[in-house]
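What follows is a pair of complexes built around subunit A, which joins subunit B in one and subunit C in the other.
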Partner chain A sequence: MSLRPLSRTRDLVAQLRRQLGEDDPMPPRAPLPPVELPPQRVFPSPSRRSRLADLAAAHTTALVGIGSVGTRYATDVVLQFQAELAVAHGAVATELPEEWAVAQGYVSLGSRVTSHREFLLRPDLGRRLAPESAERWAATCRKEVDVQPILADGLSAVATQGAGPALMSAFIAECEKRGFSTGTPVCARHARVWLEDEIGELARAKVAVILLGERPGLGTGDGLSAYLVYGPKVGNTDGQRNMMSNIHNRGTPPVDAARRLAVMAQLMLEQKTSGVHLDLSPRAAELGEAARGGYRAPQVRTRLVEG
Partner chain B sequence: MKLQATIRGVTYTFSSVREVLAKANPPKSGDDLAGLSAREPVERVAARATLAQLTLADLRANPVVPYELDELTRLVEDNLDEGAYAAVKHLTVGQFREWLLEPKTTGAVLRSVAPGLTPEMAAAACKLMSNLDLMVVGAKCEVVVRCNNTLGLAGTLSSRLQPNHPTDDVEGILYSAREGLSYGCGDAVIGINPATDTPESTAEILRAIHTLRTRNGIPTQQCVLSHVTVQMKALDLDCPMDLMFQSFSGTEAGNRAFGINVSLMDEAYDKMRRLKNSAGPNFMYFETGQGNALSSDAHHGADQVTLEARCYGFARRFKPFLVNTVVGFIGPEYLEDGPQITRAGLEDHFMGKLMGLPMGCDACFTYHAKMSQDELESLKVLLGAAGCTYLMSMPVGDDIMLNYQSTSFHDVPTVRSLVRKAPAPEFDAWLASVGISSGHTPGPRLGDVSVLR
Partner chain C sequence: MPVLEALLPRVLAVRRIPGADPALLRAYGADPERHRSLGLITVDQDDPTYVALDEATKHARVDVVYARSFYAGSKHQSGPLSGEILGVIASDDPSEIDSALDAILQTLAHDACFYGANADSSIAVFPHVIASLGHYLSAQAGLRPGEPMAYLVAPPLEGTLALDFALKSADVRLLKAFPPPTETNFTAAWLAGDLPACEAAAMAYAEAVVDVARQPRDR
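Presenting the complex of A and B:
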C-alpha cells in the first residue's frame, strides 16, 4: 500500500525528465557572432572626453559624462577609480617616520597612541600627550608666547611630509611679520586636533594652531587642515575652534593659507576669543573666502592612470 | 527578572538591562571605545542568553536612559500604543525573535504591532539575530509612504540622488543631478548637503532643482540638507521645499549637540506642513547613524545599536517620508571595518522597518575605514535583497564635498536588475517614457543626459 504513491512519484519524475530532454539540459550552442571592439568610452582624459564631460569640468570635479557598459563602468573608469582609491588608502596607511620631525628641526612629540590601528580606533588617546612627551615639552618649550605653531600627522602623514614644512615656516614668518611671539616649532605624531590644547596649555600660549593631514578623499591624500584655538587648554570643544581645510596646491596654496591663518590668529589676539564667538568681519578683506567659514577651495581632478 | 546565564558551568551575572543589551552586541569598535563591549566571546553569548529570557515588558520597564533624564525616553513611553504593546508584552526576546521569523507574521501583522514597540525592544531582537535573520524580517515589513511619489511598495528599490558640490556651484550640482537622473536615480529625493549653511543658498539650490524637475515633469522631490533652523528660515523666502531634513541622535543630550529638541522639531514640522511645496502626507527626512551619541559624549553608558533604535523612536513621531542610516560615514572608531559596517547597515534597516519607518541606507565608507570597494558593493546587494527602501547615488560613488565613498549612479540600476526591483511607480513611468529604463530593466537611453531638457 505504501509503495503506490512512491511509484506514482517515480513515474512523474521520469515523465518530467522526458519532457525536459533526457540527456542535455541546455539547447544546442548558438553560432558565435563576430566579436567587435566596444565603442570608445568617454572619460575625462583631455584628448578623448565627451563634450558633456568637458562642459561639466568647468563647474565640478564630479566624474560625470563617463558613459557605461550595460550598467557598469568602462575599464578605463574602473582603473582610474582604483588608482584614486589606492592613493587615498595609501595616504591613510602611511605613518610619519619617527625621526622625520627632528630631521626637519622640530621638537618631536607623541600622543598616548602606541600603534597605527590604535590611532584610528582611539581618538581619545590621540588628543593627549604621552607622559614622557608632556614632561619634555613642559621642560624645554618657549613659554608665554602669542602663537604656538604645531605640525602633526593627523589622518595623512603624506600631506604632513609634503606641504607641511612649507606651511609651517610660512605661517611662522607671517606671525613674526605681525609682531607676534611664536612658540618652539613642534611636530606631533599620532595626533588628533584636540592635542593642540595640551601642547598650547603647557607653553601657556594665547593661541594654538595645529596644522595636520586631513582625512583623504578619492585621489587626494595631500590636503592639510588647520585648527586654531584661543586659550588652549585640555577640555576645550570644537565650538571654540576655527578651521581652514583643503590646504594644498590645487586648493588653497600654503602661502595663501599661512597669511589667512595669521590673520585669524590676529583676530583672536584682538578679540581674546575663538570659534563661534570670533567675529571675522573686521578683517574680511584680508581673509578672502576664508571669512565665509565653511569654504573649501575648488580643486582640479587629475587623471592618475596615464596609459 | 533574571540577569544571569550559565555557559559550561560558568555563571555570568550582569548588573542592568543596559549592560545586557550592550554586551549582547556583535563586536563594534564604538562599543569598545565606550568601554561597553563583552570582554570575551562567551560572555557575549551569555549576555544574549540572558537577553533572550527577558520579556518585552521588562524592556519597557528598563529604558537605557531613565525617564526622568531624557525627553526621548518620555516621548516613547508616553506615546506608546498600549493596544499593540499588550499583544506582545508577554513574549521573551527569544520568543519575539521567533515570532518575527514565523511566516504567518506577515508585513501587515508587523505594521499593526510597530506602534507598540519601544526602541529597546527592536534593538534587543536585533542582537539575537544573524545577518540573514535581519534581512528576512526586514524584507517582510511593509512601509509605504507618499510625498510627490510613492515609496516602499513591494518590489521597489529607490535611490536618493546626492549631487553635492564643495562650493555649492549650482551649475555643478545640476550636472551631477542630470547625470544621476539619466541612470534612473533620484526617485527618493534629489537631496543636496550644502557647503554653506544659509537660508539663501538653501533656497537657491531648491529653486534650481525644482526648475529642472518641473521642466522635465519628473515625479520626485527636492531637499537641501541644511540645519532645520536654516530650512525654517528658508521657508520664509518662499522656496519650493518638498522635504524638510534633520539629523537625529538617540538621546536628548545627543540632540542638544545637534542643536535640536522635541519641541523645536514639532515647531519645524508644523511650519513645514503649512508652507511645503510637496503633495502627500509624508514630508520629513531624517538621517541617523550608529555612534553619533558617543561622539558628543551623550550616550549615558548605552550601546550604539540601542541608541540608534532610539533615533527611530524619535523619528516615527513625524511620519517621515525618508529615514536613512549613514552607516559608514562616522569612521572606524565606531565601525572599524567591512564586516562591522555591513552588520550595522542590516541592523539599522531591520530596526527602523520594524518600528514602521521607510528605512534607506547610505552604504558607505570613509577612506580611513577598513572596508574594500567589493565589500561595499556586496552590502548594496544585501540591502536590496533585504527590502531596503532606498540607497544613495552620486557620480562614481564619490562625494566630492564630504569626501567619502557611497553608492554610484551605476550601482542603482545594477542592483535593481540583480534583485529585480523597480523604481517608485510614478518615477518608473517617467523613466520608461524617456527610455532610460523600465521596471528593473535598463533601457536604450540609460546614461544619456540628452533625454533631459
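Presenting the complex of A and C:
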C-alpha cells in the first residue's frame, strides 16, 4: 500500500478489472526505496572549527562559523534558520487590531492603505494619512508642541502590541522630565516611517518621533525602531531623520531607548536640525552606542530549536 | 491480456511568470486588475489536465484563465514540449501559483489518467470521477463547487455507445456532451448525480468501451 492520497477512480478501475476477469492484478505500485536512518548528529568538531570564523561570530549576529556537514549545513542550523524565518514571516503577517489603539488610550489614525496586503505592496500609500484621519487629527490634536510622539504598527504589529505602549509612555515621561511639551499620544495603523511627517506637520510639532515595529530579521519579530525628524513636513527625506533600531529586550531595552530618544530630541531642539546635520557628540555619553554611527554590539541569539 | 492499464500523463513543460505583462494577461483571459502571476503547463493528455487544473483551484487562490486542447492530440504535436493541452493559471500572488502547480503535478501523477481499453492500450478511455469539483469545472458544468461529477472520454463510437450505457446504468443526468469531432477527435461527456451514481456510471462507461474494443462489429 502507498501513503499517497488515494485516487478513487484508480481504485474503482482496479475493481472493474477484477470483474472483467482480469487474472493478472494491476501492476503493484513501485515500492518505495528503503529510507536510511539519519546519521548520528554530526557537528563540526572543535578542532576543525575555524578560529577566524569564531572571532568573526563574536562581532555579528550573522550566521558565520556554523560549520558544515559535507557540503551542507548541519540539521540544527537549518532548523534554527527555518524557525527564525517563521518568526519573521509571522510578525509581518500580523495585523494591528483596529480597536487596539483606542483601547490603549491613543488617538487612532489610519493611512491611505485599505488592506494589509496593500500595505505590504504599496509603501507610498502607507506614508500618507487617510483624508478622514488627517481631518480628525488636525481638528483634535494638541498644537505647537515640542515633541509629537507617534506609535505605529510598521512591519511588525507584534512588536507594537508588545513593547510599544511601554516605550511610548517611557518616552513621554522622559520628554516631560526635560520640560518639553508633548503632543497628543497617537497610534497609526498601516503606517510607514514617513507618516510622521504629515502627523507632525498637522500638529505643528518641532520634532516628530515615530515608534514602529521594524522589518523583522531572523528571530526578531518583536523589535521596534524609532525615527526622529526636526521640522516634520511632507516631503522630508531620510537624510533628515535620525533613527534607533533593535529596541527590544535583547537589543536596546525600551527604558534605555526612551532616554536616548529624549536626548536625541533635546539635541534636535537645541541645534534646530536633524539627520546628517545633527551633531550627536555633545551628549555622546548619554547616547551610548547610539552616538557611534552604525555600530552596535551583537545581540545574543535566542535558540528557538533545542540542540 | 491485461486491459485498463493506467496510461500515465507526461508533464512536458511547467513554467511560471511571476509578473506577467498586462497585455499578455488580457490576451489569455486574465484580468490585470486581479492577476499578476501566471503558471503555464503542457501535458500529453488533455482531459486529466483539465481535472488537475480544477483540482488546483481547491488548493490555492488561482483562476484557470486558459485551457485548450490542441488539434488532433499529442500524436500530432507542434513540438516535443507541446503535448495535447496548454493550461494557464493566474493569481495575484506568485506563491499561490507555486501551490497550484504542486496540486496539478500531484493530481497528474497520482489521480487523473487515461486507461487502455484493449491489450495494447491503443484504445484509451478516461472514466474519471471527481468527488468534489473546484470552481473551474463547476462553472463550466453549471454545478456548484464541491459537487461530484463524472468526466468521461473515449474515442468516437466507443464513447457514444458507452455514454448510452452509463446513462442507463445509474441515476445520473447528462450535463454536457461533446460529440466528435472535438479538438483531439475524442468524444466526451459530463454526468451529474450523487457520488455513488457518478462512480457507477463511470465504471459502466469503462466497461462498455472495453466491450466495444473486444468486439468492434456485431454484424
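The definition used in the following text is that the second predicted complex is superposed on the first by the 227 of 307 C-alpha atoms of A that agree within 3 Å, B and C clash if a C-alpha of one lies under 4 Å from a C-alpha of the other, contacts with A are read in each partner's own complex, and residues count from 1 in each chain.
The rule we apply is simple: a residue touches a chain if its C-beta (ideal position, glycine included) is under 8 Å from a C-beta of that chain, and two chains touch if they have at least 3 such contacts.
Computed from a predicted structure; not experimentally measured.
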Subunit B versus subunit C as contact partner of A:Thr60, first or second or both or neither: first
Touching partner for A:Ala138 - first (subunit B), second (subunit C), both, neither: neither
Partner chain in contact with A:Thr9 - subunit B first, subunit C second, else both or neither: second
Per-residue touch tally on subunit A - higher for subunit B or for subunit C: B
First, second, both or neither for A:Phe81, with subunit B first and subunit C second: first
First, second, both or neither for A:Gly217, with subunit B first and subunit C second: first
Which superposed partner A:Ala284 touches (first subunit B, second subunit C, both, neither): neither
Touch list for subunit C against partner subunit A, complex: 2-6, 106, 110-113, 115, 127-129, 131, 199, 202-203, 206-207, 210
Subunit C contact footprint on subunit A (complex, rising order): 4-5, 7-10, 12-13, 15-17, 19-20, 22, 24, 26-27
Footprint of subunit A on subunit B - complex, ascending: 29, 32-33, 163, 165-167, 169, 171-173, 175-176, 179, 183, 195-197, 332-333, 336, 366-368, 373, 394-396, 398, 400-401, 403-405, 410, 413-414, 417, 442, 446-447, 449
Complex contacts: residues of subunit A adjacent to subunit B: 52, 55-56, 59-68, 70-73, 77, 81-82, 84-85, 88-89, 91-92, 120-124, 155, 215-218, 220, 246, 292-299
